[in-house]
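As written, the chain order gives the labels A, B and C, with residue 1 at the start of each chain.
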Amino acid sequence: MTHLLDVQDLVVKFRLRSGDLTALNGINFTLNPGERMGLVGESGAGKSVAGFSIINLISKPGFIASGRVLFEGEEISAYPLEQMRDIRGNRISMIFQDPMMTLNPVLTIGTQMVETILAHNRVSVAHAREIALEKLSKVYISSPGKRLGQYPHELSGGMRQRVVIAISLLTNPSLIIADEPTTALDVTIQAEVMALLLELCKHENMGLILITHDLGVVSQVTEKICVMYAGRIVEQGPTEAIVGAPRHPYTQGLIKALPQGSGGRRRLHQIPGMMPNLTSIPTGCAFHPRCEHAMDVCRSVEPQLLDDGKTPGLVACHLYAQAR
Amino acid sequence: MNLWKRFRGSYFLYSFLHDPVAMGSFVVLALLALSAFGAPIIAPHDPYDTTTIDIMDSEIPPVWMDNADAKFLLGTDAQGRDMLSTMLYGMRISLVIGIGATFLQAAIGIVLGLIAGYKGGKVDNFLMRMADVQLSFSTLMVAIFLSAIFQAIFGVAAFESMAVPFLVLVIGIAEWPQYARTVRASVLAEKKKEYVEAARVMGLPSGRIMWRHILPNTMSPILVLSTVQVAHAIMSEAALSFLGLGMPITKPSLGSLINSGFDYIFSGSWWITMFPGFLLVLLILVINLLGDWVQDVLNPKLYKG
Amino acid sequence: MFAFIVRRVLQAIVVMLIISFIGFALKQNVGDPVRELTGISVSAAERDAIREKLGLNDPFLVQYGRFLKGAVLEGNIGQSFFYKKPAMEVIVSKAPATLELVLVCSVLIVVLSIPMGIYSAIYPKRLLSRLIMGFSTIGVSVPIFLIAILLIYVFSIKLGWLPSYGRGETVNVWGWESGLLTVDGLQHLLLPATALTALMLPLFVRLIRSEMMEVLETEYVKFAWAKGLPRVRIWFVHAFKNTLLPVITVGGVQIGTMIAFTILTETVFQWGGLGFLFLEAVERADTSLLVAYLIFVGVIFVVVNTVVDIIYGLVNPMVRITGRK
């Protein structure tokens, strides 16, 4: 069976005056049709870059330096712009972080929906409007007919993110990449929007890549998880395994930092230190300055992402390489 | 504080040394300014000394043309003054007015901008409305009107004898809104910050807060604006003089030289207009290029529209 | 929308009151209306009698009220000392020349600056963009009268292709002296229009370019790319429509600047319009004419600014909503 998405050794760099900066340092993962994956890490870990690089939409000085992205067996990372356009918003849709900034302020919701359909399908405007109406009701927006004529600023944040989700559904894509889709929303609305996204993915059998710093959200929605740190994947595996028995000290730290629903008085855990800046990534394991288990080997040798043969999933940590 | 200053200084220097356009502009500007202010020493003739000027020398072309006179490198104007000397003296006047007017604008604009931004409310509303109206009339228009009014009130003779201070005043009044808006915008941004809040809680008088705490933080947009405004003021002065509302021909600036030469362009004496014109463009261009560079380096958000 | 317009009109009236007040104060302090009426050869006693008769000894505000009443009801601003005609009549007769010049230049600027600005924003590194930017950097540093003089020197004096002064042949269309309908008139228009356009163009190209570049970096443009829209649509609909807002605002202000520059352009080309008239009036100390020009220009600015605000409201959906409230 071909994977829905197969990312192989993806390296993304940013071209700066002082030299190239590596933002993504050899990423590998696969996604099956209808599968939901979480891409987790602190801000600056490179998870957004990873998401955008799939459809080759990295911001200005960034570029794919090496590696391949296969989508439904096609090497889309080699596509020229015009062919890529046919993938973007058509077979792979994106949902952005801040719905306040995602929608164009001077165009109506209707225009922004219809244009997406017309960009990919040969249908009449009237038919496109029907599709737009149908998708708006799918994301539970009240009086969708009226919304088509409204401008983004007339809608609330949660409503706008629903519109963005509806836009992502317009062409019945087989993969949705959602970059922190709930971070900018009110806490009360976050759960609603997340539940909606989950329901839609299940119902339409769409693949989902959920980029977030919130392990809690990921554990409820996804089937597998990639944990990223400083431009690398440090641990990946099935969601239950990673949430239930994390192995990489960084993942353990992330899990411990989650507020526990029942735990009550326990003080929240904090990982000491800060994520390194891309200009000054430590040698060896990038996490070693913050790691309580750091050994001499961690400072000099970069750990590989390996299977320890006991637990499902891969981990890049010398602790487990030694145990084997 | 000192360390921070040194860091800024070094970055300033670093980017300056890595920008050939900025360096070139600076060198040209320095040369122009030196020769303008050193005109009494450098210039071969004194264009203000009527006893040395001979009307028989009028309209002599530059040395590389026929009928030239080796005494006059760039030829002479219609009154027989040496072009090179007159231009150097003229550039001095243009620079003095340009810099003087910029200082005046800055003084008016910074004070009003600080007051408007800090006090807010009705004062702010009134000052900014005024700035808006004045800007929508365009600064050049206001300057033209002001000098027309000044000429009408004081008479042409009085205006001409006091032309330099008058022009500084006219251009200074016409352009203050630019500063006021920029300063006000940065004051509004600074006002929200904690250190201003803290100073207020400590009960410092508002004048002192504005002067000691807010003003230093608005310096980089002011610096960027100032380079542009000097060029602008020189251009305004040239325009006014060209219209005959500025420097008289007896004490010409570059603009009035261009104006006086324009009449002779049809008879073929192009140099009387073209040389000062070229010098004026060069002067404004290098200031603008330096301004672009300063803006790139400091990169403040200028107040827009 | 209605409330929005009413508010704008009220503001416009306030601005016009201020302008007329300045104009009137100027007239009171500078000119001598008796001299305008009688000339110099009249005895002091006779002048006093005329002053009293004309109400010139009344308090300032009373006179201002009378002036305002005359100006609003009859369009009467005073008599031009030089032309021996009502100042407003002189202004109106010269207005077409200036308005045609401004109109042609506005059209040229819009038609040229938009494609140049957009192109250099989309492809900032291409040779053509660098050329456009290079020229506009030099362009903002060249005063208009120099552009005009250079044009005259090259095209009139050296090549002898185009006339260097005047409006040429004009046609009277319903009382409007138009130079746009004759070949001669168009030939005369070419150089002044080129000068004025060359001066204003760099400013707009730079403005459109920098705004457009800023908009191209926004999230919603990135989202438009992610939607797989054709680039033409992203550039000209998504990005350009947002670029337009600040450009409209600045454009409104720049029309004021353009009128100021007509004074310089008209002087160089001896173009028989308002700017030329204004300078003559300054030289002759024709105060009524100066005041009439001031008020006329004021009216134009107020009208233009109001129109600009309304257009802005039409393009920007957020303004429309506040207007509806």
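In the analysis below, contacts are C-beta pairs under 8 Å (C-beta built on N, C-alpha and C of every residue); 3 or more make two chains touch, one makes a residue touch a chain.
Model, not experiment: these values are computed from the prediction.
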Where subunit B and subunit C overlap in contact partners, by chain label: none
Chain pair bearing the highest count of C-beta contacts: B-C
Whole-Å gap separating subunit B and subunit C, where each centre is the average of the chain's CA atoms: 24
Whole-Å gap between the CA centroids of subunit A and subunit B: 54
Sequence positions of subunit A contacting 2 or more other chains: none
In the complex with subunit C, residue positions of subunit A that touch it: 55, 57, 59-60, 81, 85-90, 93-94, 96, 98, 101-108, 115-116, 119-120, 151, 153-154, 164, 167
Subunit B-touching residues of subunit C, taken from the complex the two chains share: 15, 18, 26, 29-31, 137-138, 140-146, 149-150, 152-153, 157, 164, 246, 249-250, 252-254, 256-257, 259-261, 263-264, 267-268, 278-279, 282-283, 285, 287, 290, 294, 297-298, 301, 305
Interface residues, subunit B side, partner subunit C - complex: 133, 135-141, 144-145, 148-149, 151-153, 231, 235, 238-239, 242-245, 255, 258-259, 262, 265-266, 270, 273-274, 277, 280-281, 284-285, 288-289, 292, 304-305
Residues of subunit C that touch subunit A when the two form their complex: 217-231, 233, 237-238, 241-242, 245, 315-318, 321
